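Shown below is the structure under consideration.
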Amino acid sequence: MDKLREECGVFGIFSKERSALANDVYYALFALQHRGQSSCGIVVNDDGVFNSYCDNGLVGDVFTTERLSSLGEGNAAVGHVRYGAEAGSASRSNAQPLVVDHVKGRLAIAHNGSLINYAELREELELEGKIFQSDGDAEVIAYEIIRQRLTSKSIEEAVSRAMDRLKGAYSLVVMSPSKIVVARDKHGFRPLCYGTTERGDFVAASESCALDAVGATLVGDVEPGEILVFDRNGCRSIRDHCGEVKKSLCVFEFVYFARPDSVVDGSAVHIARQRAGAFLALEHPVNADVVIGVPDSGIDAAIGYARQSGIPYGVGLLKNKYIGRTFIAPVQKVREDKVRIKLNPIASTVAGKRVILIDDSIVRGTTSARIVKLLREAGATEIHMRISSPPFLNPCYYGTDIASRDVLIAHNYSIEEIAKIIGVDSLGYLSIENVKKIADRCNKDDFCTACFDNIYPTEEPSGRSRNRYDRKLSEKEGN
Amino acid sequence: MDKLREECGVFGIFSKERSALANDVYYALFALQHRGQSSCGIVVNDDGVFNSYCDNGLVGDVFTTERLSSLGEGNAAVGHVRYGAEAGSASRSNAQPLVVDHVKGRLAIAHNGSLINYAELREELELEGKIFQSDGDAEVIAYEIIRQRLTSKSIEEAVSRAMDRLKGAYSLVVMSPSKIVVARDKHGFRPLCYGTTERGDFVAASESCALDAVGATLVGDVEPGEILVFDRNGCRSIRDHCGEVKKSLCVFEFVYFARPDSVVDGSAVHIARQRAGAFLALEHPVNADVVIGVPDSGIDAAIGYARQSGIPYGVGLLKNKYIGRTFIAPVQKVREDKVRIKLNPIASTVAGKRVILIDDSIVRGTTSARIVKLLREAGATEIHMRISSPPFLNPCYYGTDIASRDVLIAHNYSIEEIAKIIGVDSLGYLSIENVKKIADRCNKDDFCTACFDNIYPTEEPSGRSRNRYDRKLSEKEGN
Amino acid sequence: MDKLREECGVFGIFSKERSALANDVYYALFALQHRGQSSCGIVVNDDGVFNSYCDNGLVGDVFTTERLSSLGEGNAAVGHVRYGAEAGSASRSNAQPLVVDHVKGRLAIAHNGSLINYAELREELELEGKIFQSDGDAEVIAYEIIRQRLTSKSIEEAVSRAMDRLKGAYSLVVMSPSKIVVARDKHGFRPLCYGTTERGDFVAASESCALDAVGATLVGDVEPGEILVFDRNGCRSIRDHCGEVKKSLCVFEFVYFARPDSVVDGSAVHIARQRAGAFLALEHPVNADVVIGVPDSGIDAAIGYARQSGIPYGVGLLKNKYIGRTFIAPVQKVREDKVRIKLNPIASTVAGKRVILIDDSIVRGTTSARIVKLLREAGATEIHMRISSPPFLNPCYYGTDIASRDVLIAHNYSIEEIAKIIGVDSLGYLSIENVKKIADRCNKDDFCTACFDNIYPTEEPSGRSRNRYDRKLSEKEGN
Amino acid sequence: MDKLREECGVFGIFSKERSALANDVYYALFALQHRGQSSCGIVVNDDGVFNSYCDNGLVGDVFTTERLSSLGEGNAAVGHVRYGAEAGSASRSNAQPLVVDHVKGRLAIAHNGSLINYAELREELELEGKIFQSDGDAEVIAYEIIRQRLTSKSIEEAVSRAMDRLKGAYSLVVMSPSKIVVARDKHGFRPLCYGTTERGDFVAASESCALDAVGATLVGDVEPGEILVFDRNGCRSIRDHCGEVKKSLCVFEFVYFARPDSVVDGSAVHIARQRAGAFLALEHPVNADVVIGVPDSGIDAAIGYARQSGIPYGVGLLKNKYIGRTFIAPVQKVREDKVRIKLNPIASTVAGKRVILIDDSIVRGTTSARIVKLLREAGATEIHMRISSPPFLNPCYYGTDIASRDVLIAHNYSIEEIAKIIGVDSLGYLSIENVKKIADRCNKDDFCTACFDNIYPTEEPSGRSRNRYDRKLSEKEGN
């Protein structure tokens, strides 16, 4: 797979009325499915009894009617979708939400992000005799919250105090027997928003599209460092950690991760992608007959490029919408590039034409090369590739799988060389300066762009914590 | 479901070499899946032994790796995808290809279309002591071919003689132990094309996208009344029935049924849809800010409308690509229209805008009304709906499920009334004159437009054959 | 597998009241499951509408709650379990009951047995232009019944007239829109009995254990050549064909096929097996310490042997009751005979003991040799094997899979040689004379013992019909 | 369900060679399946990497070929089968083996038994900030071992020191990265044995039948309080805790729980059951015609009773061997006792006879009453029930589900009353004195018989630990 993957999506709902909240979480997780397709889980709080089900697989496969109804009713619930390396998933389940019992009760935790001091915290905990049943952040976060809980008056105070020890990216939804506590790390690396429903429920989610899915209205974003508490008294904000450090929202949420119909930190994602296309047209103009996008993620930027350049937008590639997890890939290597199942060029759009081809990013380059070959065979006379983000040059420590420089084509080759490798007549990337401007309602300094410019908002992980990122990479290489 | 459904897709391949042809059929059926999602089947001919598997379900669900490999190798194979009412499917299997033994050997038959004299033929056969294990056309066609086969020198002669008795729409792929015979009815109601692969295999398919899927090159279309024979001597055409009657290709193949990347009877489907949009812009212009399409089928026409009108094209509705057969629909009726799982409006595209909304057709109007409501809630100030085909007024007897006038909104209401029912500011349909012109390489008189203008290319079915259409309708109503 | 397999079990029920009869058939098929484990099916007659479901697999796997309830209610129903070679089952479904439409209505047919003139009848039918969708007897039987139906006043008359053309073994349950017709071939090769329920339903089944399963009371056996008609007027017998030929019930039904709790043609199967053991003790006495049976089928005869001989009965082998179709056999050949999963000797029963080991038959001898080895390892000092039937020497044409002489160990070796091959100290088979006496309420001349004595009650199949038996064998060899 | 259920079965294997040990565990778990049918799991140690898979379900359903091969190779492995209330299983997984990481490495734990000081230990752990992801003993045991591990030189030392804190019943198989440590509680409540394979592997299992299943030879039993260490240096015994307290093996292992082909603490289970039958014949003789057993567990005692009394043994009840988890129970209450699917009486054995019916125990009495009714309908003239164990009067705290006095029929009624309730002519239980003598190689004082005589080998659990037993009961009642 030549695509970056987000690590997770989180969702929580608190209602004054008891109802089958698992259904709401189910719809929300469907809307967040693009953020994680490896495993998913739902926990329903029925007056302190937590009924939960987590498993590997897509939401629609894991949750049958029976599973959902077995979760019963409750007045609070949390859910999670997760992307994770398949290899280890049989042996060490990192599926979330994590449910744990402790001396003062019970917690369910849904987490999106990545701690940079995971190994240091875990080592400290292990020395205290604590045991670990996964290698995920959530278990460390649970221990840290519970450590504080022993001497705190409330779960939200425990979360607030734990935040001083947790470093890196985390968007959390924590459910106690009587509350839901929502927290976003001080840098605000990953999105997190909240809203209300007509009957007065409070909901929080990684993206606003999950609020739409349950018929809730977006109230706003959880600010970097902010804690929200949903309970019988309503919604309360704790801002002790707000403003402690510079905001560093991952700009790639706008470029690729988030869904186009979401609004992240005030900016519409769809608009941001069209703006990225428009900036690209300004930065890398070229004479051509048609602008096409690689479906689905290059479509919006292609429309933006077309509008800005005045060159007509066209549909040049058709994606087979029936290809799912069950599809059996062609076995005969030799015929592979003749067989066009997943993506078929529309010859009537590209034959005899000079084509501008828009995609959001290039990771290894293999997929791009294959698409370019298809378009040439379909008769495209020139192909000018435009990428709606800058080249990937550095690893990400904040919850995506841009894991190592070695694998990144842009780290190893010049732009001219890449153009030659993937077979295009010209190639242009969006500049770092402009990618910071694509979100129209955000401040251009509010972004983390470390993967492009090597400027990390935190110290880089070292020692065992660093090894963790390298290990992740090698596992993926091994696939 | 507020969508018309095609009845079937067919595919056949003949090779001089023995290989795992089930894989090729599998890829082809994936490409034809849009033509039928109820059941599918593959038959592989291994030197006269026919290994087959058919079942209800999507291609990706029915055919696992084991199923495919259990079909073994062979030098000819046929495949089929089918849409059909679910109700009776457990008790009476109409799944195809149908495999039958007869005195001179064995046949596999894959069929797309609908016979208007089914009941008359079946009655005659039953009086001869013949038995029926389904209520599908294929069994009657099999009997008629075999009736002729008893006194014919070849299977192709038997097919040719049977064509004098079969009335209505049929695109057939028939496999005997040594040949594949491909035949299209004299009117050419349904598409059927053929091609070759690099190693010299001959393939036939309902649409050219299935040829792309197996890496074959399109040679041309099977002409109305034409019979093609694939065997060890190559490909041979029998044109005895060509030109007997006026060509009457279903125009709705261009509007909706066929895949945009297919070429049908020489015309590119994608181009045809853009032309439909362009004609619409000329027939029904309106002042607006953005043109959007209902995904997926309205997108191409929206782009055509935008280009012709100069009004910008935008993405106004996002379809959740994870919603599949496993999705559990919201149970609570009251909340249904608040919950936006399958389709979510992109507010940043439509808020505060005058929107032109393009769809390919309106059947009952319920889905359109729901979409319009979503767009209004997302802030659209005006909604002008444009339909890239004329209003449905009459039933179809040639293989689609436009079954009865009663259910068709356009049969019961004026255009102004429909506009009011679905809640749009204005509504415009493409004219019959222009719909005949959307396929740029076809003659405008070569189409069947009976569902729009009541001009049927054949006599209308009567008696028991007519009852069959009415029964189909009532079954669907009962769902 | 070193076991003979019965071909089928049939069941039918007719009620004056409409109810969910699929449940009754389901319980009955569970009771008949030992007669066929490859496929099963149920057809419910709801006032002329036949709702059916058939599939490969065990009753418990094929029929889920949903499947059963989808069959709805009715006042008549038929069911079938079937054993069949797996090889061809994907391509040519022989699953029953077969449902067919004909000019005078509809039939469902469930059949146990084997026609010896199948090929002759089929050829005649094919020459009339009839087509075949399976290679099973049921389709030929359907055609023959319907051929007669065209000129008969009733379905029972058609069945009666068809019986003059059908040669060989058949126990039939035929359902028309208004009746159930039950028929047993003139020789009575396979068992068939009937009974009534408390509410007055009539039921027919291959064995009386299926009547117990639905709470019905056994009335009696369908006599050779007899036809029973169940309809709104009650139960009626047609005896036109009774007594036309000598009765020839398969004696192996008592030895192995039937369930011990069944009563077949008046004799209790369990008693017959104990008597077989007692005869064995008289024919082949030996000094020993314990008598054990190979579970499950050797147990009854072992008890009979023990009682007759005065040597204590013991449990010497334990069968793992959790081993089912899902069990994955040991892959490493070398370790196979060390691993004892399916059958484990009970050392405390056999260690240091002279053991008499009872089984019902020896086909190839491989399983017996393996069991003997296990018992030796567990410490048995002597092993005397006794078989509760005579040696298999000839093929069966009447519905079991004793297909060819070549595979039968007794056809190729003397008893002394067999004893050496399987590693026992002595070996004794029941005599033909005594096997005819095991059923205490049956006449000793009423049995078919052709597989033992080569005396066939009918002509042996010839030409194409004969090839059919040979082909079956080679398919099995190929497995 | 009117049957007692064991809580668990454990298995471990250590090999000097690396191989696909998951297969061995798989076969062993099949042999132990009778000890737990709710969930199962396997962990393979591949040089410190623990590959594991646990799920709810039977071994044959959970472990497909793919699952097994995904566990890869290794030189040590552990496995577990478990019985547990279904209710909570979705939300709180207690499936084992439990795999945990700690500061000095990694552990996998498989446990059979029940701690009587669970709640006290857990409370202490929670106060130290430890979290719990299940409510099973294994997690507490893991914490206690790891608590000791921090200051121990070896894992076996840690296990030994933990044993001073763990009270109650536990048969443990613990796997560290380099060893397998096997331990049995000081009372030896649950069985635990070990052996070797031909290639020198060491194996430990709850029962010797699991050793047979993998082709291993039984060396002996792990003694009460004994610890065995399997590592590259061979097998070593640590006997520090041996002899600290009186041995108290659960006598019901011989009566019902263990498999008849197992040898437990030197005594063959099958022999023990026959002896129980023989004692019964001496204690409760009666004039009768036949002795039958309730399958499967009453068969052995019935044979023993028959031998001692001289009354013939017979097969009076047939169990349908196809009834599995998929079977759908009859819905219509009224017909339930007429329908005989699971168990059918063999009339030929019991009709007109005075029957002695042997079963191993009576819990609630419902099943016994139903069986007696079936036998009467089949014609039994007298029914004398004999039970091969004393009446249950007290709860068990050591790993079975005899949870509360309220539910036990013998606690609430006299023997005469019970006879009347279940409808027998006479009823006799084995005496406590004799049940202690059934295992011929065991000392009669070496047993726990608390459920019969209220003499508990340990203090009874109190406070929160006691509530745990009561809660378990109420969950079961709620089903």
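For this structure, a couple of remarks:
Letters A, B, C and D mark the chains as written, and numbering starts fresh at 1 in each.
Rule of thumb we're sticking to: a residue touches a chain if its C-beta (ideal position, glycine included) is under 8 Å from a C-beta of that chain, and two chains touch if they have at least 3 such contacts.
Keep in mind it's a predicted model, so treat the numbers as computed, not measured.
In terms of the stated touch criterion, chain B and chain C have no partners in common.
The greatest centre-to-centre distance from chain D, using averaged C-alpha positions, is reached by B.
Chain B and chain D have CA centres that are 60 Å apart. Chain geometry summary: the mean Cα position of chain A and that of chain D are 47 Å apart. One simple way to say how far apart two chains are is to compare their mean CA positions; for chain A and chain B this gives 38 Å.
Taken as a contact graph, the chains are arranged in a single closed ring, with each chain touching exactly two others.
Across the complex, chain A meets chain B through its residues 23, 26-27, 30-31, 33-34, 58-61, 63-65, 68, 198, 209, 212-215, 259-261, 263, 268, 270-271, 296, 299-300, 303, 307, 312-315, 318, 320-324, 326-328, 330-332, 335, 338-341, 344-349. For chain C in complex with chain B, the residues that touch the partner chain are 43, 49-53, 67, 70-71, 90-92, 98-103, 123, 126-133, 135, 142-143, 146-147, 150.
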